[in-house]
Every structure is written in C-alpha cells, then in structure tokens.
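Next come the structures, one after another.
In the two assemblies presented below, subunit A is common to both, partnered first by subunit B and then by subunit C.
Entry: the complex of A and B
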C-alpha cells in the first residue's frame, strides 16, 4: 500500500468528519493544543497530560466495542498489566540508555500477548456478546484481587516489590536519551507534548485502520457476524486481531499512567476503574473515534471538576450520566451533536447554488 | 488424621463452595435464562439484601425473618429498576449490561455517601462443632441446605405454578406467549424481581459471615458470573451442575493453595470451558437430549 492510499483512508465511511471544514477544525484544535502550554503553568499542563493518558484506553474500547461490537471490560486489565509491567521493568533495569522507551514497548507487548491468549479462548470458543463482557470482567476482577494480596515480601520480581494494595511506586519516568543529557519526562510540559504527539498519531492511525479493508470487515462483523462469515472472512481472526490492537492501546494508557504519576495500584484495575472508560466511550459515542476522543476529554474534565465535592458524588453523577445516555441517547451525546452539525452543514451546502 | 475426618473436611469445603456458587449465581441465572440479559447490578442487590438484613436484626427482628425481609426489599427494588431502566432495553442486551453497571456504580457510591464505609455486622449464629482436629461452623451447613432449598424452590416455581408455565412459555417463544394472552411484560418484570430477590436472599444469608461494606457485592459477582457462564441459560441443567463442578475445583484449589488460588482456578476453568462448550453445560446437555 502506498503512502498516498494511507492518507486516502483518513476519511471514509467508518469515521465522522470529512472535507476541508473538518480538517480546518482539526487544525485549529491541534494548534490550540500545541499553544496551550504557553498560556499555562507546568503543573496545570502536567494535569492536562493526565487527561490525555486516558484517551488511548478510551479509543481502544471504541475500537473493540464501538467498531467491533464486542463489549470488553478487560481493557482495564490490560491497562494494569502494562502499567505493572513498566514498573517492574524500569525498577529492575533503571532508566539509562533510553531503557524506559524499550520498557514501554515490552510492557505493551506483554499486554498484547495476554490479550492474544485470552482472546484465543474467547473468540475461537465463539462466545457471544454478553458472555464476552462477563469473562473479560471476571479476568479484570481476578487480576485486581491477585495484585491486592501481593503485600508480602515474597512477592517481588527482581528488585521490584509488588506491594499489595498500596501498589508500586518510585519507578523512573519516561526518559529520552539526547545528545546533551537525557530528557526526563516528568508530569510537565515535556510529557504533555510527548503524550499529545502519541494521541495525534494514534487517532490518525486508527482513522486509517477503521477505514481500511480491515476496519470495514470489523464493522461488517459487528453488523452481522453470520453474513461476514458467509462472505468468506474468518471472523474469529479479525476479532482476535482487533482485540489485541485494543489491548495494546489500553496498555499504552497503563504505561503512560504509571510513568506520569510514578505509581500504580491494584485499584486501577477495580470495578470503578473499569467502569470509567465505558462511561467516556458510551457518553461520547462509541461508534466513532472523534466522538470518543472529544467525549473522553469532556467527561474527564467534568469528572475532575466534580471530584472537588468528593469522588463518591462524582461517581454517582457518572453513573447517572451513563444510565441516562443508554436510555435517551444510545449512540452517545457527542456523536448525536456531531450528526446534527453535519446535517446543518449539508443543508446549507444544498441551499447554496 | 484418619480418612473419615479428611473426607468430611473435603466434603464440608465442597458443600461450602457449592452453596456460595449456587446462592450467588441463581439470581443472575434466572434473569439471564429468562431475558438473555446480564444484570451487572447483581452484586448491589446482594449488598442491598445484606444491609436490610443487618438493619432488621439490629432493630430486633430474628435473623430468619430479617433475611426474608431483605430478600423481599431487594425484589421490590429489582422491580422498580426493571420498570425504570431495564424494560426499555430488552432489544439491546449489551446496553443492558452497560446501564446496569451504571446502576451498580450509583448504588455502591450512593451507599458509601449515605451509610458510610462500613456497617455494623451480624454475628454468625449456631456456633461450631468439632470433627477430628478441626472445628466447623454449623451455619455453613445451614447455608448448604439453603442452597438446595433455593434450587428446589425454583424447580417448584418454574414447573408447578401458573407463573412458571407462563414464564417458560415466554422464554421459549415470547411473541407466541404474548399472542396466547400471557402478559409478557409483567412476566419479565416478575422474573427480574425474582432474580433480584434471590440476590437479596444470598446477601441476607451471607450477611452474618462477612463484613458489610458498600463494595461487598464485588465479592460475589465473580463467582456468580463464572457459574452462569459455565452453566449457560438454564438454572437446573446449567447453574446447579456448574456449581457442583466449580465447587470441586474451588474447594480443591482452596485447600491446596488458599482462597485466592481457588478463585484463580475458577477463572481458568471458565476460560477453558468457554473454549470447549461455548453454550455452557446446559447448552451441551440440551443438545445431547434433542
């Protein structure tokens, strides 16, 4: 596939937004995001980077659930596996010679391999929608319980103690080797640009993926698995690959989260943590990448604002938001709004001669 | 230690695991078997039953009566939830999972806000007895018979009552049952209440054995999910044999390596069974029968 045809897939039937108007808006948003640290202080920028950390797990759920039609509660498990993986690797081998970047890749690969194993049993066993959700949720809960009981000193991997419910901490942040000394990406402007670049790369990459023939098959499987199979596609393989890609993205979130705060705890894999990505994606609009991206950032910002009054209250509001979205706007609020804007745009275009 | 005490110990462990699996899963299984819907707020109905039971015993009611009140209140809450949320989602089973999860989040955090992080528990009744070197809680044996009682009661309910006949008709061919004058909406509503009530019953029965915290539902749901996934859609041909098989796995792993490995054993068993029997034990048995 040539480079031009890759760019050609940036727009397509599976993604909202096309044409100059959309890309102009994208450019403006990108410029605003790039310029934002100029108008803010390091602490706030580091906090905003924290929002971006969650984009990947949301996009992964969007890919698996929204596009693939397979509701996975396991994203949080892959998040945790990669997060712990990064911690264990960097605590053992340090941050010199750019090892943190290698640790990022290995940690994501571990999450992907676990997803490959689990996905093999699920998709090749042909379990269906509802059961898929339960099995992945059971795996997530089990992992949390397992990590929570690793408090004793016998639970160590090399120099890294797992520390049970208190979690691991003290791992080095992501460090990029550079000519005049390594660049350490603490939760500040540097990390912000690093994660922003990843967000843009992953977002555009996923747009290309879902509009490619692979993405079209994935959507065909969501719409009607039997039909897709009759057309000659081995749907199990497509679902498995999709699941593994999703797990790797969730793993990326986990790694960045661990590197951002330099800690990870089992509760980042618990019921509540598993519910949050689902809320962002459902409220945003699960069947579209752009809606998910916007929805995630908006809901996260709202959640953060509410947390001031206590996280229990914020979580109750999130629960209400989720139930209402499912009942009233099952396709998601942001996606609904974007459809309205799209219709208005189309109408004005038609009225102009 | 001689063989008899060892055998008794193994049997006791198995009975305990079996009871836990049956009681925590049957409410979920009834709702799933009926409507193909997984109620992710299942754990919170269990929590509701446990809290109501504890409140009633603190108010001076005897424990058995408190447990029944807990189950009834859970059933009523279940009916309300069905009416407000689940009813509108019957054609979208995945969305039901999502919505009930939202409810679970609201219930857990709401309880945390209103009641606080713990609640005064209930003492375990009946004391214990001695076999060989170990002592065993009599209440665990009561729980085992309660699980058998629940299975028997469900069998009677679905086979010998007019509700049961209508419910089974609705499971098999909903629109046909509708055409023959069965109020399927009402049947769905009652079934959901029944599932929620069973969850409440499980909560009430286990309230004396555990600490009451808002997240206590999460202790049950993994076992409940696992049993329903392995069992499939039928309570009698699925949940009961699944609980028996898993009871063996869990009690063996637990006595070998501890509680956590019992649960890991369950999970591994599920992932393997799912690969071999995608429709669960009941799907397998029913296919063999036809």
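Entry: the complex of A and C
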C-alpha cells in the first residue's frame, strides 16, 4: 500500500470528521495541547498526562467493542499484564542504555501474546456475544485474585517482589538515552509530550486501520458475522487480529500507567477498573474513534474533579452517567452531538450553494 | 460432470431426520429450483452445502472435489455464494460499503469503483448508493444481497427464497435478474415458494418432502404430478 493511500484512509465511512473544517479543528486542538505546558506548571501538566494514559485502553475497547462488536471486559487484564511486565523487567534490568523503552515493547508484546492465546480459544471456539464478556471478565478478575495473594516473599521474579495487594513499586520511569545524559520521563512536561505524541500516533493510525479493507471486514462482522463469512472471509482470523491489536493498546496504557506513577496494584485489574473504560467508551460513542477520544478525556476530567470534592460519590455518578447515556443517547453522547453538528453543517451547505 | 453433487447426505436434529439420504446433482449452467412444503429440509440442505451444518453422513462434491469438511469461507473461495432467507445485508453500513466489502476480497482497489457502479446499475439501486442499507425497502435489501452474492462471480449461486416479501412486479424483476446472471454462465439453485417465479426461471425442479427427494422434473411435469399436489394439500390439511 502506498503512502498516499494510507493518508487517503485517514478519512472514510468508519470515522466521523472529514474535510478541511475537521482537520482545522484537529490542528487547533493539537496546537492547544502542544502549547498547554507553557501556561501551566510541571506538576499540573504531569497530572494531565495521567488522563492521556487512559486514552489507549479506551481506544482499544472502541476498536474491539465499538467497531468489532465483541464486548471485552478483559482490556484491564492486558493493562495489568503489561504494567506488571514493565515493572518486573525494569526492576531486574534497570533503566540504563534505553532499556526502559525495550521493556515497554516487551511488556506490550507479552500482553499481545496472552491475547493471542485467549483470543484463539474464544474466537476459534466460536464464543460470541455476552459470553465473550463473561470469559474476558473472568480472566481479569482471576488475575486480580492471583496477584492479590502474592504478598509473601516467595512471590518474586528475580529482583521484583510482586507484593500482593499492596502492589509493585519502585520501578524506574521511562528513560530515553540522550547525548548529554539520559532524559528521565517522570510525571512532568517531558512525559506529557511523550504520551501526547503516542496519543496522536495511535489515533491517526487507528483511523487508517478502521477505514482500510481490514476495518471494512471488522465492521461487517459486527453487523452480520454470518454474511461476512459467506463473502469468503475467515472471520475468526479477523476477530483474533483485532483482539490482539486491542490488547496491545490496553497494554500500552498499562505500561504508561506503571511508568507514570512507578507503581501498579492488583486492583488495576479489579471490577471497578474493568468497568470504567466501558463507561468512558459508551458515554463518548463506542463506534467512533474521535467520540471515544473526546468522551474519555471529558469523563476522566469530570471524574477527577468529583473525586476531589466527594470521593465517595464519583463512582455512583459514573454509574448514573452510564444509565443516562443508555437511555438518552445509546450510541454515545459525544457521537450524538457530532451527528447533530454534522447535520447542521450539511443543512447550511445546502442552503448556501 | 455435475457442478455440485450431494451423495447419500444425512442430517439428524435429535430424533428428527431433516436430511434423509439425499442424492442430488446440479448441472453446470442450469437454473434449478428446490420446492417443498415447510419443514421439507430445503434450508437445511443449503446449510449443509455451505458448511454451516456438518452432515451426519454422506459427501458433498463441488466441481469434482470433496468439500464435505471444508470451512464455509473456504467453500465460498472455491466458487459458492449464497443469498440468505432473511436479508443478510450489513444494516448499519451504506449500500456502497456493503458492495465494497463483498468485492474487496477479489478486486483491486482501482477496479472497485467501476465494479460497484456496474452492480448498482444491474440492481437498479443507483439512487440508493449512499443510503444506509437498513433503510432500504424489503425488496431492495433482497436485491442488494443478491448483488453482494453475485459480486463474488460464483460458479454456483444459492438463493434461499429470493422473492420472499416481494410484490409480483418485484418478483418478476428478480426473475429477470436471475436469468441474466444465468445467461452470463452462472449456475443457480433457488429455494422458492412463489410458483410464478419458479415457472419463470426454473429449467429443472426438485421437490423435497420430509428430508427426501420426492420428485424431479420440469415445472410442467411437477405440476402435473398428483403425488406432489397431495403433499401440498396434505400440508394444508394439516394446518387447517
């Protein structure tokens, strides 16, 4: 596939937003995100980077559930596997010579391999619909239970103590080797730009993916798996590849989360952690990448504000938000709003030819 | 040599013998209609041919090869294609996208648009190109799915009640569509209840009853067969 046709797929039937108006808005948002650290302090910027950490797991769920029609509760499992993976690797081998970057890749690869095995049995075993959700939820809760009982000193991998419910900590942040000394990406402006670059790369990459012929088959499977298979597609293979890509993205979130706070606990794979991405994605609009991206950041920021002012109620509000979304805009609030804007835009165009 | 041959095919669902020692051969180039009362095992036969069900015993040969144990998608790749009984279009996607998904496996990107235009014209759906498939009328959905099935340029096209829910006029148009495809060399096997359609297109008719081949011949022979009339009447009597 030529480079031009890659860019051509940045727009397409599977993504909202096209034409100069959309890309101008994208450019403005990007500039604002790039300029934002100039008007803030490192601590606040580092906290904002924390929101961006979660974008990848949200987009992974958008890809698997929204586009592929397979409800996965297991994204947190891959988040946890990659997070712990990064911790175990870097606690053992340190941060010198850019090893943290290699650890990021290995940790994501481990999550992807686990997804490949699990996905093989699910999709080639023709597990469908709600049962996919049950199996994936069982896997993530099992992992949580398992990690929670690793408090004893015998639970160690090399130098890395798993440390049970209290979690693993003290792993080095992502460290980039540089000419005049390595750049250590603690939760500050440097890490913010690092994660922002990843967000943009992954967002644009996924736009190309879902508008490609691969994406066509993925949405076809969501719409009618039998028809898709009877057009000659081995749908199990497509579902599996999509699931593995999603797991890798969830793993990226897990690694960045662990590197950001230099700790990870079993509760990152618990019930609450498994449910929250579902809420972000459902509220934003699961069948569109842009809606998911915006929805996730808005809901996360709102959740953070609520946690500060009344920590007990934040989760309850999340639940209410989900119920309201399902009742008012089942396809997502952001997606609904974008559709309205699109219709108004189309109407004004018709009136002023 | 027959294009598709079913040899001593059997299928049980629990105690129900839905396909009972069926031997059938479909010749290249023909339009062959399968008729029979409800529950005769017509759709089950399609599902066996497509690999959605595995037969209890017996073999399926396509173009001389035994395909009994091939997966569905592999059978499609060999030149089978189907339009389902319930319209199986991708409801949330545009008409154009439905056709694109059908075509993209076998066509290069450069040819896609031309082929989509050709199909839209063939189906009479040019005006609906950007319409969401779920918003089409029932008949249009049927046509779109026929278009998707034929876009694969199959050697054998299976149609499960292609005119269900259509007006007499639409039924006639569908018959013409099928005849045009046949004239291009496509072999067609259709399950159909609409006798006007069968009369219009069928070169050979097979009657299934209780999972067995009950009668076979031209439409005139079948209509003249008193035993065939009896099973339809018996069925009607049963329902009354």
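Going forward, the second predicted complex is superposed on the first by the 352 of 353 C-alpha atoms of A that agree within 3 Å, B and C clash if a C-alpha of one lies under 4 Å from a C-alpha of the other, contacts with A are read in each partner's own complex, and residues count from 1 in each chain.
To be clear about the criterion, contacts are C-beta pairs under 8 Å (C-beta built on N, C-alpha and C of every residue); 3 or more make two chains touch, one makes a residue touch a chain.
Note that the structure is a prediction, hence the values are computed from the model and not measured.
In the superposed model, A:216 lies in contact with subunit C only, and not with subunit B. Shared-chain residue A:18: touches no atom of subunit B or subunit C. Residue contacts after overlaying the shared chain place A:343 against neither subunit B nor subunit C. One of subunit B and subunit C touches more residues of subunit A, and that partner is B. In the superposition on chain A, contact of A:233 is made with subunit C only, not with subunit B. Once the two complexes are overlaid on chain A, none of the subunit A residues touched by subunit B in the first is touched by subunit C in the second.
Interface residues of subunit A, counted against subunit C in their complex, comprise 5, 13, 213, 216-217, 219-220, 222-224, 226-235. Of all residues in subunit C, only 50, 52, 71-73, 76-77, 81-82, 84, 88-94, 97, 100-102, 104-106, 109, 145, 148-149, 152 touch subunit A in the complex they form.
Of all residues in subunit B, those touching subunit A in their complex are 32, 36-38, 40, 85, 88-89, 92-95, 97-99, 101-106, 108-110, 112-113, 215, 218, 221-222, 225-226, 228-229, 260, 263-264, 267, 270-272, 274-276, 278.
Taken together, the subunit A residues at the contact with subunit B in this complex read 71, 118, 121-122, 124-131, 133-135, 137-139, 141-142, 145-146, 149, 270-272, 275, 278-279, 282, 310, 312-313, 315-316, 318-323, 326-327, 330.
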